[in-house]
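I've put the structures underneath this note.
One chain, chain A, links the two complexes that follow: it is found with chain B in the first and with chain C in the second.
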Partner chain A sequence: MLHSRRLILAHFWLAFAGFGVALILGEWQMFIRSPLSAWIGNPEWYYRSVTAHGTAMAYVFPTLVAMGFGYAITEAALKRPLIGGNWAWAGFALVAAGTVTAVIPVSLGLASVLYTFYPPMIGSPFYYIGVVLVVAGSWIWVALMSVNLYTWKRANPDTPVPLAMFANVAGSYLWAWTAVGAAIELLFQILPAALGLTTTIDAGLARVFFSWTLHAIVYFWLMPTYIAYYTIIPRAIGGRLFSDPMARISFALFLVVAMPIGVHHLFADPQVGAGFKFMHSVFTALVALPTLLTVFTICASVEIAGRLRGGKGVFGWITALPWRNPMMLAVTFSFVMLGFGGAGGLINMSYQLDASIHNTQWITGHFHLIFGGAIVIMYFAIAYDLWPHLTGKALDSFRMMRIQLWSWFVGMIVLTFPWHYVGILGMPRRMAFYDYTDPAIAPQAVSVIASVIGGAILVVSGALFVAVLVRGHMAVRVEPGEYRFSVAAHQPARVPAALNGFGLWVSLMLALTVINYGFPIVHLMSLRNTSVPVVWIGAPR
Partner chain B sequence: MTYDPGHITGAMVAARIERRWTAISIGIIALLIVMAAYAGIHQAVMPQPRVETADPRTLHIAGEFIESNLGSAVEPDGSVTVRAVGQQYSFTPQCIVVPADTPITIRATSADVVHGFLIEHSNVNTMLVPGYISTIATRFATPSERVMPCHEFCGAGHEGMWGRIKVIDKATFMKLAADRRRMTCVAQ
Partner chain C sequence: MSSERLFSLRNRWFATAAGVTALIAVASATVGFVWLPLLQPTAGFAGLWDAICSAAGLVRAVPVAEPVVQANYKTTNVNLSSKVPGNSSAISIGRGATLAMQCTMCHGARGLSEADSPNLAGQYALAIFKQLQDYKSGARISAIMGPRVVTLTDQDMHDLAAYYAYLPRLPAYHPATARPTPRIVESGAPMRNIAPCASCHGSIDYKGGSPWLEGESPVYLMTQLNAFASGARHNDISQQMRNIARGMSPAEIEAAALYYASQP
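Moving on, here comes the complex of A and B:
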């Protein structure tokens, strides 16, 4: 039974509203820089749009989904009302206020610095203040997750923490520590410059701080998806979770190794030496481990469902799966995209291969496939699964859901595969215009047009998604019953203390951060004359 | 919980399969790391080893990035060093000329914001961060002409920041270099 239904719905609807607007901006960007459109006229509009698209999709949308889903998990898994409901509303208000504060200067063209900030370019201080408010709101959520977990543990000393809550709190701690890098960059470097208190900034150091956030934020986006793989999918398709302890190990590993690997985003940067680049490359390889474990556990859980439904033989269980169930479709599409995206990720993490695609359109294709594809399609699944419990009304537009999931999958493949390809050809990122008449660029034109078509399919799919949810609000009233999570095939009566709490994992996370980031940061701070004059964006001309 | 032999055996089988898969996963990752390390040691593509700095406020008046020193220079050992600067929204030199089949070291920095430096159809791909010097070693097998875009957002004119690189025959290059200190396409 979910008590804070309005709170959770508010998070989801603000998330999906931001997502919808950003999705349309994304497709507009795709079109305007393609051969289908003439010269844009004022390229600044394009960068304005990219800034808004990135800020909404990277900061606002996934953060709100993680927060709303986190509150739902807390109540459903711990079987008690959320502690600190007023604080949760305060957190929501901060995220909403931050979004508005950031969007206004961006839409006025006063902060076209992209969501990755790129100092020494400096835009309106209100943009950065808005982003800080969004993060501050999410930190209230982190604190609430912690308070709720430990209150429950005190009341239930002999029961293992439910897997969904364990994973949820792991995700919140990951985010709390991940956001620190960008927070340092914003509070100590960018905001003083934006407010006119300083006139110079160390761009290299800022990039190192941002890399601290930039990679692990992806795992924060991923957390709700992985929680859904483990705790929703096996139940929704009529199976069992193959292994509860292995799921906990995967989430604990994410907490430890997702963070101290961000320097792989700086492979081509001059301000970090070769040694630490190699070290971060090795740790980036390690983060593939929890994903490989997850792929195994989830495939095994799905196989259990197939066999429980009467599937026989080596492959018979696959045809026995409930293919008309939207949750089955969602997890399948998500895994296919995770497979391709993960393979691309292994290419990015190895220095030698990265050199040929670094900062080309390949990278944009890569993270759209992983985040927009594998991760976001599970956000849809989470919303579909939770909706009847939030609205108290039936969500039974199953045909629409299937079309929506299929079109999102097909659209994402059509969007990102050609996008990867033009990256291999060397097409640079973030340009408002390409001269496709240049013989060096002409071979990329057809692929870019294919991506525009993929983006258009995604816009239709996004509209369908919103339509399904709206129809859910208008459907007949039902009693959805208790919200349940998957049951493990061998439900453990006890779990080791290390897998029931976070002391060990958080200590390891902090220690590894100090080891992997300590030297590069101290080294850069000790260098003299590396601060450079700030360059104002959107200043009156 | 009541004693259920089937349940316990099942749990043990599950745990054994799981351990086997974990070992395979760790093996895959170890192999990838060893491959990356091996390729790093034995191939040319390596990150620059050291961090070097250059103050963008004084680039034009002192040091190796003064205007008269930009372009391609033949070193005593026969290799070629290219020095370049990126600024909103162009490269200096805007067209780089280098000989084919010769070891080339590119040294570049930025005079203002962060820029990218990429030569299409090659492994030359780096960031130009103001305050720091980027160094890349490369070699072009045959004469060709390629584009050299900035791949990092550097302001509203980013989309116009395209340089070019001309790889010319080695003998021709050396003949031209004999009476010029620094080479660019413009001076050709």
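Moving on, here comes the complex of A and C:
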């Protein structure tokens, strides 16, 4: 039984509102720089839009989904009302206020600096303050997750922490620590410049701090998706979770190896030594481990479902699966996109191969496929699954849900496959204008047009998603019953202490951060004359 | 479960996790800091420690064998910053007005030239100051301007810059019909690495040090672009204009010049 329904709904609706607006901006960007549209004449409009799209999609949307889902997990898994409901509303208010504070300067063109901040470009201080408020709000959530877990643990010393809560708190700790990098960059480097206290900035150091955040933020986006794989999907399709300890090990490994690998975003940066780049590359390779564990465990869990439904033989269980169940579709599409995206990721993480696709449209294609595709499609699944429990009303537009999931999958493939391709041809990312009349890039026009079509399908799919949820609010009242998570094939009565808490994994995460980031940061800070004059964005001209 | 001691070498979870992590860290550090650097015979490391320092990202001196390349012409001495050219008080403007008496015969009584010398009225103070400095140092060569700046002090240049920046811009030249913005001005030529002129010279964005071009004589603009292209003018910092002008076609140079000349 979920008690804080209004709280959770508020998080989800604000998340989906931001997502909807940003989705339309994304398609506008794709369109105006395609050969279908005449050049808008001023790249500033483009960067303004990309800043809004990136900020909403990367910071606001996933953070709110993780927070709302986290509150739902806390109540459903621990089977007690959330402790600190008022604090949770305060956190939500901070995120909402931060979003508004950031969006105003961006829409006025005073902060077209892109969501990665890109110093020495400096925009309006309100943009950065807004982002800081969003992070501060999410830190309240982290604290609440921790408080709720430990209060429960004290009351239930001999019961294993429910898997969903274990994973949820792992995600929150990962976020708490990884956000520190960008927070340092914002508070000590960018904001002083934006407020006019300094006129120069050490851009190389700032990029190192940002990289601290940039990789693990991706795993923070991914956490709700992985939680849904393990704790919703097997139940929703009538199966069992193959292994509970395997799931815990995956989440623990994410804590350890997702964080100290961000320098793989700086392979082309001269300020970091090649030795550290290599170490980060090795640990990046390790992050594939928990993902492979997950793929294996979930496939096995799905097979259990197929066999329980009477599937026989080597492939028979596949046809026996409930293919008309939206949850089955969602996880399948998510895995296919994860597979392609992961294959692309292997290229990005290799020091040498990366050079050929660095800063090209391959990268935008890659993260739209993984994030916009594999991850976000599971956010849809989470919303569909939770909605009856939040509204107390039936959510039974199953046909619409299936069309929505199919169109998201097809749209994302049509959007991102050509996007990868033009990247290999060398089309740079984050450019507002491409001169398709030039014979050298004229052949890319077709691929870009394909991406525009893919984007249009996604906009339709996004509208369908909102329509399904709105219809859910207007449907007949039902008693949804208790919200349950998957049950493992062998539900453990006891788990090792290491897998029931975070002491070991958080310690390893901190230790690896010191090893992999300590020297580069201290070294760069000790260098003199490495700052460059700031470049004001949106300054009076 | 809660009684189990986690942080103890006897706990196999702790021992395994910490051990494997440490092992990977040490192994990858050995490969990244020792083995891979030493595999590069051309890197010329003095020894093991030198290789490790290089892999750690320490700044190393340029090997003696590689001389630092120097330009074989005079480059500018001016460092652009928000503090240049300093204040533009009324006194400064007044002094500038007096000094400018020597300039009127070519640059016009109020900074608007009748001939093809550049207009200075309303030009950015930073741009004027920099050009005067460059004429004096010889970074920008002009038989006409060179001799006129030898006696000017830094303060004189500040004052002249302040005065001309203060004068109102006037459309010096009124074409009957406005021209459409040429492609090169509005969007540059990405495939030739040419940024839009308007992204530095104003209207899309303004970057410090770029002169105001609107209303300038087309002959002057074309001469300057050709001079940048041939390298005859080489006082632009980091070749920012030379790199652009070299990639422009004669038709683009003409279109850009006529366009800027026709703008108010």
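In the analysis below, the second predicted complex is superposed on the first by the 541 of 541 C-alpha atoms of A that agree within 3 Å, B and C clash if a C-alpha of one lies under 4 Å from a C-alpha of the other, contacts with A are read in each partner's own complex, and residues count from 1 in each chain.
Keep this in mind: contacts are C-beta pairs under 8 Å (C-beta built on N, C-alpha and C of every residue); 3 or more make two chains touch, one makes a residue touch a chain.
Small disclaimer: the values here were computed from a predicted structure and weren't measured.
When both complexes are overlaid on chain A, the residue A:A203 reaches chain B alone and has no touch with chain C.
When the shared chain is aligned, chain C comes close enough to touch A:D158, but chain B does not. By the touch criterion defined above, A:A498 reaches chain C but does not reach chain B. One of chain B and chain C touches more residues of chain A, and that partner is B.
With both structures placed on the common chain, the touch criterion links A:G273 to chain B and to chain C. Shared-chain residue A:I515: touches chain C; no touch with chain B.
When the two complexes are overlaid on their common chain A, residue A:Y434 makes contact with chain B and with chain C alike.
Contacts of A:Y118 after superposition on the shared chain: chain B is touched, whereas chain C is not. When the shared chain is aligned, chain B and chain C each come close enough to touch A:V282. In the superposition on chain A, A:V256 contacts chain C only, with no contact to chain B.
Shared contact residues on chain A (touching chain B in one structure, chain C in the other): 43-44, 271-274, 277-278, 282, 286, 431, 433-434, 438, 440-441, 523, 527, 533.
Within the complex, the chain C residues that touch chain A are 1-2, 4-7, 11, 13-14, 17-18, 21, 24-25, 28-29, 31-33, 36-37, 52, 54-59, 81-82, 181, 186-191, 196, 199, 202, 204-206.
Here chain A touches chain C in the complex through residues 39, 41-44, 153, 157-158, 160, 199, 256, 271-279, 282-283, 286, 431, 433-435, 438, 440-441, 494-501, 503-505, 507-508, 511-512, 515, 519-520, 523, 527, 533, 541, going by the rule given at the top. Chain A meets chain B in the complex at residues 43-44, 46-47, 50, 112, 114, 118, 120-121, 202-204, 207, 242-243, 246, 266-274, 277-278, 281-282, 285-286, 288-289, 292-293, 296-297, 300, 346, 350-352, 355-360, 425-426, 428-434, 438, 440-441, 489-490, 493, 523-524, 527, 529-533, 535, 537. Residues of chain B that touch chain A in their complex: 1, 7, 10-11, 14-15, 17-18, 21-22, 25-26, 28-29, 32-33, 35-37, 39-40, 43, 45-53, 55-57, 88, 109, 112-114, 116, 118-121, 123, 125-135, 146-147, 149-160.
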